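Read through the structure below, which is laid out as structure tokens, and then see the notes.
Every chain is named by a letter (A, B, C, D, E and F) in the order it is written, and numbering of its residues begins at 1.
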């Protein structure tokens, strides 16, 4: 299964990145991991690069020699617009532009359900609905999805955007009963996105095989993602420990949950 | 799993109501059952109320103190318009208006596939198609669905309308090979409708996990209903015992089956 | 242009009914007008019948001998459910069932935009969206639409439901800049609905040729309604005289306007 | 399970036909197999007819006495237009017209994914997309589908068109990881198409339960086809043995694969 | 306006072809007209070729030297399948294959509303609905549309298929009040189809600016066809002279009208 | 017509901004114009502010005291990502955030057809298709649209995004025959967007009443934009002076035209 010679995984020191580092350890002959933080000791087939992807030259150097990128770097919480402008957006440009210059074949990107977080739960949005970000965080994900579409349409660089739900050890609240993605399913999803014969520019939701589903992958079946875990076994405990939510609260009404309900990050800081 | 303190189940002496009475016995600390007919002996956590829900004061009294209603009362067969006007419609108003006045959180309603019974089988209608009732019975279900939508949109009272297929002990004819809903799946469906974190006004079809499916829950996955039974094991016997249907017969052509083919109830009585 | 021998117009003493009485005066050899109120003096080709259409025998007698019905009777404002149950619903049944028994060819019905009044303005609903009534008044219109669908699907009686916007002498507020239907356009709409070669069960919105349009007749073009009047000439005066609406107010947000914002009629009476 | 007295299977000497001959051996009391080639020895309930279905009288004779037809005859590879005109099209007419004259109840036809082969993979086409043939072979399938629609709409003869993917012993390349249909699933699909109570004119894709899916049966669930085999077990070997495809190559971009990429058959012969 | 050097018009002796011959007389420097029948005297910029387009060599010779084709040849009435097989289908192949070989830029084809004639009037089909032919005539049109799609997708040859309604001197019955296309509008439609900067494979309905519309060009606006005539002025006379149609008759129910209601051409001949 | 007390128009020294400055001169009691370049002499009701909107404090100061903003500032041509990051994105944030802080009621934004420039012409995209930018310029427009959606969904600030086609004095090439927007129609469009009673977050295409239309405002009719000019009168001259385009060229295939065909701005500079 050596479709790629060397895969770059960004954000490898982060929570999700670490899961991918472990889960994809045997997926390619060489794996290069990049992060601003220390990533520990390199395994035999690993290269560890500490760098800031918002630094163009550093990013290009990091990409050189890789034929696929799994781009998971980025602040996973709401943050001020200025941070987005300083970190997330330039890093994204550097990744796609670097990939174009260095002949990378495919990028798999950690987008987020928060790119469409203001869709209502009963709407059950598919992967073709217009963007509806619920935070500056989500707005950044929208931007990267559109950037990736441009690089596909114009320069033929393939991307799969994974609109990840809630990737935590266990479903911790009632919303996660539909939005939860297990770590193992995250690995399966990433592998499928790297393996599917043709993806062009594709978007797919990342949730496990949960009984409740507030998003639809009806138009993403060509990726071949089949989740094997489920939040359902956790449902009794979650229902026991958490109160019945108010259906009129914004956090319950839309798929973005608490992100949609949160205030402006600058207001919060005041 | 005590999201609700006291659930009112109407029609509890009926065939489906009895299944729910048994299936939901442990679902809430208190269960109040209402019917015009005798309901036997009350269990420890049960209250039995014999009343006519078309009587406004009786209905309101019945609702008082409950925080959820499972409304299954009603004549399950075709009946004259005058009966609908006298029984089904006023009872429905009394339930939703009583729920509004008494602060009920959510209603789960036994709607029916006959609300869209004139959709053709090959159309595979989803939960967003316009109403297409096949009987006065189905027309009454349409009315209650629209009433429930009004109470949600205007007064924020949540409802899930279960468009139940054929809830009988076993699939008895070829149409039931797709429309059958087992008693256990009916209970699962009702529990899911009571438990889903946010339903607003939602519609969902109630059929088991049958190989054939002439209706689609593609837009109802947020409810979290996963059927576990199937008509498929009964298929050999049903195919053996029943003749091949005429594909041009109205009862075969549309999803309402025999209901769609039946005459006007007043003509029948003449 | 004598497709029909005798047309029954109900509600002829009402505001819209009077416009139709005048506008359709030459449309058929005989016109029968029915209302609970006095309708003045009959013209040469008119028959005036004072009766209560909720009285079945009176309604049937009224229909006998007619081959088309223009059903405009009914309280055009929000009213308690009990009035709906006592008047609007039985009258509707009597009209369609009487039409079935007496071989009437087609019914044109004054439905209302309030049958889908809770659709949002930006949604621009077409004639295939599910019902979303904004009042008991609108709920009654939903019921009649569904009843008419049943009579077409089951007994082959054709109906066109006109979802009329705001039929007043002049557009009086900003919402009417899109919802206004002139009296002359109402007559054109009714004539088109009576004349189109095949309507089956059809729904069409009734608004004039206004620059703003918050509803879509994209699926109703087979009726052949071409409005010739427009609210646009009134726009400067309306904009001058009325304040800029609050976009977050329910009356601005949804197409039902003030009806959607109004309270429960029983609350109002308290 | 004797819905049909005698089923005609055409193309029984072909690869797929032979699988059906074996798989459907007990499905009806009598089975008549037709092919231009020798079909070996007849079993007890079999009749073997060697004939050219493009010969009208031979075809009609072959159909006489049958109440269902499984039409799988035809060149399964790209071929010149003139061969289509000489063989495939007249044979199809003879089958449907013969079926009409002899009162056949239902036809199950081996159509092909190549009838819509120019749909892109990310489009995940359903069974309601317009035709988009990728070859003269696919064009012939389009023609037969339209012919079958005409015979249903006009003369009430039912057909299910099976848009078969890749029916080979094993998935041999990466495209087959989504397009593969096992022989056993082909039999299940054909049985479902013969058994479903009402099909009118229906189209369904024929692929096994593969993780990747580039076509959607969302509107064909009324047929009741549940695949039980999967290409997934073959994925590791296929990925190992075949190179990563070029996503910009036509054969990768559209669902028709190599058929879409192939040249004009007359050019090939030059 | 000389986008093309020499345009071939086939069927120029036919009723529609003659209108195009006149209407397009100045559209290109050279016009070549082809028909099996005599076409009279050639104008200064005309070449007249009497030939049978089902004869491949004759067809290729006819195409040689042209850079656009307006293909209107063909029997405009229902005809037996064998005639389709002998004339219409081979002629179509010869036109598109000849165009491919001789570098023709674009073909405008007289398809027909009868390619989707079994769509119901209330459905108001757009240009993306699946084929639903109402005759062998309509089936032939479906075939040519699919053939044209193949030549675009595979060999980059552009086609616009004009689904012409009723192109007669005047609307003669009630159906033509929506389906009528004036001769002048036919010319406008053909010019638009030849002029639009990019058509790929496009389908467009050909009807005049009639108040009633049972088909929708919502997805064909890129062609730039703006009809200027209308059946509406003829409506009073048509309504006066023709009886009210039976809405349940097939000829009224579906857009194909009398074609859909006609029997099998072989039955007719018996 | 004084819905707003003071409107801020940004980019007033630009080509489109100047047209709006003139066209909206009487639309509000006070107009404030902002640009980085000199704007000449202020009229009686004008305030002219020279400032850089990417400077947050300057932008906020500029917004203070205004109740509506017409945001047209920005480089209207393709430009490097770094310029987008430095100018367009921060300016947009400053406008919407400033509007939130200063209680602005509504923003009308000059988005562009290039936000969806990679949609194909035959697709005729409506206002609900996902983004498909054709340049970094278009990517910036996508970002602002998503930002505006966030500010509506989260903070209730209304925006209309005008996806302007080609706003030049005259249509200069064949693509502009559909994409052209006259200056007067641009003013009408902006007025409609400021006047419509409720817009929430809305998108509308800005093209004149041209015969050809490659985009659809079917879901934007609530804005009330009725173009009165047309490119059609210029068609003969344009067709005469410009060659027939290659339908396979990217600039012809997609609605973005030359923008979609242009290379990477950094490559261009090399």
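Throughout what follows, a residue touches a chain if its C-beta (ideal position, glycine included) is under 8 Å from a C-beta of that chain, and two chains touch if they have at least 3 such contacts.
Treat the numbers as computed from the prediction; the structure is a model and nothing was measured.
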_Going by the touch criterion stated earlier, list every chain that contacts subunit D and also contacts subunit F._
A, E
*Matching A-F on over half of contact pairs, by residue number: which of E-F, B-D or D-E?*
D-E
*Could you give the separation in Å between the centres of subunit A and subunit D, each centre being the mean of its C-alpha atoms?*
40
*asked:* Measuring centre to centre with CA averages, how many angstrom lie between subunit C and subunit D?
replied: 51
*Can you list the subunit B residues in contact with two or more other chains?*
218
*If you go through all the chains, which pairs of them touch?*
A-B, A-D, A-F, B-C, B-D, C-E, C-F, D-E, E-F
*asked:* Which residues of subunit F touch subunit E once you look at their complex with the stated criterion?
replied: 120-122, 124, 174-175, 177-178, 210-214, 216, 218, 232, 236, 239-240, 244-245, 247-248, 252-253
*If you look only at subunit F, which of its residues touch subunit C in the complex?*
1, 3-4, 105-106, 156, 158, 192, 195-202, 218-226
*asked:* Can you tell me which positions in subunit B touch subunit C when the two form their complex?
replied: 81, 85, 89-90, 93, 97, 100, 118, 128-136, 138-139, 142-143, 145-147, 149-150, 153-155, 260, 264, 266
